[in-house]
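Letters are used for the chains, namely A, B, C and D, taken in the order the chains are written, and counting of residues starts over at 1 for each.
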Amino acid sequence: MDRDWELFLLPYRQTVDELKVKLRGLRDMYVLRKEHGPIEFVTGRVKPINSILVKSKTRQIPLNELETEMEDIAGIRIMCPFVEDIHDVVDMLKSRNDLNAVYEKDYVTHKKESGYRSYHLICEYPVQLIDEVKVVLVEIQIRTLAMNFWASIEHSLNYKYQGEYPSEINNRLQKAAESAFQLDEEMSTIRDEIKGIQENYRFTKD
Amino acid sequence: MDRDWELFLLPYRQTVDELKVKLRGLRDMYVLRKEHGPIEFVTGRVKPINSILVKSKTRQIPLNELETEMEDIAGIRIMCPFVEDIHDVVDMLKSRNDLNAVYEKDYVTHKKESGYRSYHLICEYPVQLIDEVKVVLVEIQIRTLAMNFWASIEHSLNYKYQGEYPSEINNRLQKAAESAFQLDEEMSTIRDEIKGIQENYRFTKD
Amino acid sequence: MDRDWELFLLPYRQTVDELKVKLRGLRDMYVLRKEHGPIEFVTGRVKPINSILVKSKTRQIPLNELETEMEDIAGIRIMCPFVEDIHDVVDMLKSRNDLNAVYEKDYVTHKKESGYRSYHLICEYPVQLIDEVKVVLVEIQIRTLAMNFWASIEHSLNYKYQGEYPSEINNRLQKAAESAFQLDEEMSTIRDEIKGIQENYRFTKD
Amino acid sequence: MDRDWELFLLPYRQTVDELKVKLRGLRDMYVLRKEHGPIEFVTGRVKPINSILVKSKTRQIPLNELETEMEDIAGIRIMCPFVEDIHDVVDMLKSRNDLNAVYEKDYVTHKKESGYRSYHLICEYPVQLIDEVKVVLVEIQIRTLAMNFWASIEHSLNYKYQGEYPSEINNRLQKAAESAFQLDEEMSTIRDEIKGIQENYRFTKD
């Protein structure tokens, strides 16, 4: 049974590995061109088996329809320095030949009630296996570092309270969401100063 | 000449590579213990030759005294989820047998006038070469994600204006520093809720 | 000038990175299917600038024709356990959608006078850059471990003697080529015993 | 239960990761010095849980004595270009401060009846965990590429026949062992020619 899962997940793992190399490569291209790069860093993961099982129950997705109905088994996350970079990254992804954007959820313009902000692009990605090409779904989340930080805290609390926050926690989360939003705002006002600077500001470049 | 630099920098590169593996390993240990981990992620770099040359000029460090006088040729950066984690990480580093803390600069408690916050620990690290053990200096910077974000923006602007900011830019930077500080504050009030949660909230773990 | 070279080489670096991930992924797929895998390991490199300059002189390739005339700026090497695996790998590569085989040199069936054996497949690979797709040439060498070992020794001696070996060295190289060939032969007679074994024999799998 | 195994294996994983970085670093140091390097490549693995269970049964090692009685839970393998390099590597390992050689098995001078050749160095390695230093055993195998190739084939057949080879298979394995030995011999006669060549012959260096 374990082995079956491993075989099922293999194209998703390969998709995540390939997209990480491809998108991190883009980041380096911006550095080399000495341009402001809209990609700060890129992470990826395959959804753990346990999380797949829980979600298939909650969302009532039969296990034999996972491939078409669960869009985030392969997940990529792209962190951007500025809010404005998010749309540039989305446009760049849509223009790629090796990806096909299927639909998108813009939680940046329309944040969730919880305070969650992020842009989700669900794509089809054709991955070459030993003797066939398989098209898998992959969810690409694009967000700023501040959005990411808030989301990771919220994810953690959500796990503890299963979404039923005490009102005090809820207030704190809302306040933190506002602070994260404010930080992004302040950063954006500085953005034009950064654009066109002939040197990337990332740590690896010193 | 290039080659000489490569030989000179080799023990620093090795130090950075070893410390990245060691500190990232610690991060995984916390995940496995299902404890809140004080290490969010770890990066490292060796100072580019050009930056070494510029700094040696500015600080009047003769090139033959780089080994003892320039403490950040090898650089490690540890990002923490919460401000409180910073001191835990510092204590943990000081207790290690394979590192020797030489001195420290606490820009978290005493932020720089510019708004810069971060904890710097300068350490001696013995690195095993082919036929000798060499002790090299390494600067370990410990900071939150919000501190890191602000610092990278400031680094970038500093590059453009060489430290002589127009007052408008200066105001913006100050405001952004306040927002970053506020975000850390809000996060810290949530911290106790997170501690003890039996699941790490990092993306790779879903 | 250095920077120009970096920009020129960037699509080649990206090609090598992507193909390494893709081909190493295939290797893992065989392991997971518990089948004998024809890929033992995969390496890749971008030709150093210096080697490009030397070769462009020797082969009289003008620097502005490198893209079309120098086929090994991007290089991938695939090591196979058995001689018979080489053709399986070549067929698999030719059937891929993300690669286009342009021509091939079969130094396995027709070894070079020097004793060199290896299969070279020259391919076009479309690599997605920031705002365009660029088609680059990549040379994929497929060989057994014994062929690889001999080739690396010969490469090293060639460097020393510039191809003009003293006859004693030449004799030794010929003898070593024969031993390498014999090892491959002995291994092939054992091959049918290995095929179908329900466990991969690679070290990582213990 | 799974989790307990993960916790038990964690210091072994960390040990393997650290030693890979350290030993691969040495390899690069030789390249940079433009000297013949005795290390061709380095691999590492943690013994799979299943293999630990089988071996503990076969060797009658109680599970609570694994730490002191099973010496190859952490395993490192170093491949050398020439037979003569093996002893250089062993000496270098023994002189390191961060390793303590406990005992060794020289199957190079005294090959096993099966034809197996390799040098095993069993070492203690102190690994820094979150709040303690743990000393773990690690088995470092040092061998040539030809020895490694033969061993991987034998490992695979052993798995199929459980050590009870039909005499025909046995003959083939013996012949292959002789070919592998011969290849090493031929290579060694060439060795003096290689030594002192001012360029490393590894693929990555072109």
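The criterion applied here is as follows: contacts are C-beta pairs under 8 Å (C-beta built on N, C-alpha and C of every residue); 3 or more make two chains touch, one makes a residue touch a chain.
Keep in mind that this is a model prediction, so the values were computed, not measured.
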By CA centroid distance, what chain is farthest from chain D? A
Of the pairs A-C, C-D or A-B, which one shares over half of its contact pairs with B-D? A-C
Centroid spacing, where centroids are CA-atom means, of chain A and chain D in whole angstrom: 40
Can you compute the centre-to-centre distance for chain A and chain C, using the mean CA position of each chain? Integer Å is fine. 35
Distance in whole angstrom between the CA centres of chain A and chain B is 25
Provide the list of chain D residues touching at least two other chains, using ranges where the numbers run on. none
Sites on chain C touched by chain A in the complex: 3, 6-7, 10, 13-14, 17-18, 21-22, 25-26, 28-30, 32-33, 92, 95-98, 126, 128-131, 133
Would you tell me which residues of chain A are touching chain B in their complex? 43, 45, 47-48, 51, 75, 77, 81, 145-146, 149, 152-153, 155-157, 159-160, 169, 172-173, 175-176, 179-180, 182-183, 185-187, 189-190, 193-194, 197, 199-206
